[in-house]
């Protein structure tokens, strides 16, 4: 039995929206990083699901790259986190607004 | 097959609109309903009673983060090695050389990190 | 005639060398190179002028293919026909005299080399403008002369008013340039080429619809209004007097501001085929002529009087263009270049003598102290007022005569009134400056001296030109040397318009007499009220004897009656127009345009909160909106 | 399995080797960074030369995911030039800011690889990897001054909005994949064309636009731009303002003319709207800025608006020559904007503490440092679009193509916004030449060394493109004719 493609889509879109909401609503940079990971993983589910639907390996192939990119993103994100924390002793992103207008 | 996907897209779009709409609506409702008084006291763990001292989070050595980041990055090469390992026999020498190049590039990063003193734990 | 590229190239070379080495090596002898370059350019222009006599077709010199876009090409090409030859000669001739004058006037200025460098750059740009073979190159020259003008207006950049004036000139000209640019774009879209011959052939062959031609002509004219300071884009010119006086003479009187007139004359085929646009040109020109003249009455700064008179005279030129009197416009352009440059240089000489004083209320009785300046200035003033037989008389009378004979009686009357006012304020300036009582500051009075030779000689030459130019090139009216010379250029446009050629007859003599009388009465009125000052006599005479004596002494209070009935309303009215209309409305509009845009910015600024979560939210909402629009 | 043909990615390989060498050499260097700078410059030069040598005929590699044709070649040379100039202007600036590290050069090289891949990719996987490689390097570069709170803030903003936008792009790509079952541009294009359903495509288009729009900073995805330019090191801002933008457009051009070819009517309208919005936001906000780095950021947004007008025309048909005009404009924009930033960099090196990029601090520059003032004037003229400079040529071709696409009103708007842009560019000139400074900005030494080379290169580029545009136009024509090969 094959799981219908709709289920993958519903799961992934829900995850994507949750992730997006996390980015938009949370103030802590760590949580935002996690939310972005959630969005990326929603895409991964999409890709894998479609890959199965179309009976091709391209999607799974793509997922490998997304994962690598996500890891690199996390690394850069953590680097920025340490730099921010070292200078301002906080990770609340709404406090970083010296440049505006 | 393709027409089926078209239908999926429309359903899917409705799904996203609903999800986003819910999220915006709830935000808005909460924003309208909540009494807003901003007070730094509300941010502290106990609004009355003992003032908390110190930080609940134990500060780790910043070195730890560096090592963790490096770990994540080097850990990820395994992702590429699994499919490679499985299909190595059919792909032959080309794949082997490819992987050597890949590892060589990672090695440069490793040497760089080493020379920069990330790995020496004081 | 392959040498014509040298005409703009010489000033360009002078500019490059002066700006590169001026500061360290050339310094105080920075004037030599530009003067020599101008002299060379003038010589070549004269040669070109002579050689182009009678040529049926313009001479085109292709220098270099600039770029190609599809089948559309922009060559860097120069064109020499009679019109550009006349313009070149005027620009280089007057320019040369003003350069020589500047040697004395700018002596000792810390920006000496900079001044000559910019002036050379200006000469180059102006010559490119008149020698261009296509509208794009014309546009290049157009923008370049504008830039030189802003820099030279703001030459004394430490003066805040100078910087503000530069800014204002810039903003106002932007409006004009925008229209001009659109016009050029429209030409290109509709015709597919920008070279003059190509465009005019297409227009002549009826390839462009009438409405499109009107649109093109009007857009081009908007550009001309900006550059030639026509109402309501004239506001920058009086302020432009913040620049050094030679700049005012060369750029803001003799040459650059006439670029609009040149451009309309150059596009005569387009304008002739777009009758409604031509009418607009005439109306704007006429209105500007009287409007600016009326403001000139109440100005006390000698240079501002001349500035408003420039605006007014440019109005005359457009008035002429409006009835297809192309040659008359060019004729007035040339004579105006001579006598207005003379007046500005003369005023510069006065200012020089008065140690920088520009307010005429603190001058007076200077005619004995700076004799040469006085006499040359007087020549210029007579020419400007249109007194027989000075240069201005011939050209202005020709314009007015053609209006009358073409049936434009209202325009003719308005033109006459403007001529009357012109004569009045011109001699008001002469009397206030050179005649009457000495009102100079005693400190300043001690230092009054005649200007050096390098300033006096150009004045003399220009004075001679102001006297004889009309006689030489303008006689007989509507058939003079200039007319015969320029005939091939405007042949096509005249055919389209069907301009009739009137012979010189009794009617012309009558009209001439009328216009001279009008001018003389203007001068007389000025004499009455600025020499026979009514406000000084009554105080002395009032104490002595009875009402009879009083009456006689006061010429039966005619002065007072005049004063109350004519002078006061005139001056006050002028002041009101200046204050309420020129300053408040038009300046206000210019500033408002800037402010509205700034206001948008101020309104939009709070959206850029500096908080990254808001940025993300806006991005997210944008995606939602786009997707929603797509699907729904 | 056969040996892959790496000739078509040889330029990138050279860059990668150079970048890795820089990383290897850097830890062994003390203060003098000449070695890594030389390595980076040689790498860029070699990659451009190899690209030109190989670019004669089209090649494809890795099952058609990456191509090397005259289109990719045009951009490879452009990116190499942008990076070359940025690197040239960097050493003095980084030294003056007391943070001269070799990693900087490696990061720029790696970003260039990402950009090259974006222009050369004919497959969404390769495109995505290129995009992210460029983006990662940019995040780090934005925060390169790690001890400065502004630089931190720039990195934070760039990073958060960047990953958010790229998640949207990725989501859009996954939908396109789900719709067609492949990631190859041309196969997607033929699949999409046959389905005939515009909604799904349009939906995916919008999501892809969001991510790419972020990279090229089109409104309303532009919000990060001014903050990041202001906070990031000036040389980095210079690089950002040209490199990722050109890369973004290189990808947009390919993706929209191949993948979304069938929905061109839709995205033509979309870009029309975004173009007007972008031009408006850019010019309105640029006018009220007093910090010149921010002003240049907003003005760069206005330029993106012009380019989007070109894209709108491109949607009306390839014969508008809008694609060619866009890449010509990008080339012109690269040299003139880098030049303007180069002068800002120079001024900052002269007074690392006092100079704050404010409009006021430019007062009297014409007297203190006439060369800097004259060169900056040249670049500002070009940005305004004065004839004789590269900017004029770019605008001329671009707006001409917009007119060819029957979008006269859009071209008129574009001209109007350029007229407004003259106000904020020339205001700076007025300050330089006509204002007396309140506090004297000390200029210790004239422009010299590599910084002088960078500025001279940009100035030469501006004048060359402005006076001999035929050359670049021929190359743009050639590049675009080969887009699909």
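By written order: A, B, C and D. Residues from 1 in each chain.
Just so we're on the same page, a residue touches a chain if its C-beta (ideal position, glycine included) is under 8 Å from a C-beta of that chain, and two chains touch if they have at least 3 such contacts.
Predicted model, so just to flag it, every value in this text is computed and none were measured.
Remark: the per-chain Cα centre closest to the mean position of all protein Cα atoms belongs to D. Looking at A-C and B-C side by side, the one with more C-beta contacts is A-C. Annotation: 66 Å between the Cα-based centres of chain A and chain C. Centroids built from CA atoms put chain C at 69 Å from chain B.
Distance between chain C and chain D, defined via averaged C-alpha coordinates, is recorded as 44 Å.
Chain A and chain D have centres, each the mean of its CA atoms, that are 26 Å apart. Contacts with at least two other chains are made by residues 605, 608, 610, 612-613, 616, 620, 627, 631 of chain C.
Looking at chain B, one finds that residues 5, 13, 16, 20 touch two or more other chains. In chain D, the residues that reach two or more other chains under the touch definition are 156-157, 160, 164, 175, 178, 199, 203, 226-227, 288. Against chain D, the residues of chain B that register as touching in their complex are 2-3, 5-6, 9-10, 13, 90-92, 94-95, 105, 108-109, 111-112, 115-116. Chain B makes touch with chain C in their complex at residues 13, 16-17, 20.
Within the complex formed with chain B, the chain C residues making contact are 624, 627-628, 631.
Looking at the complex, you find that chain B touches chain A at residues 5, 8, 11-12, 15-16, 19-20, 23, 27, 62, 65-66, 68-69, 72-73, 75-76, 79-80, 83.
Those residues of chain C lying in contact with chain A across their complex are 605-606, 608-613, 616-617, 620.
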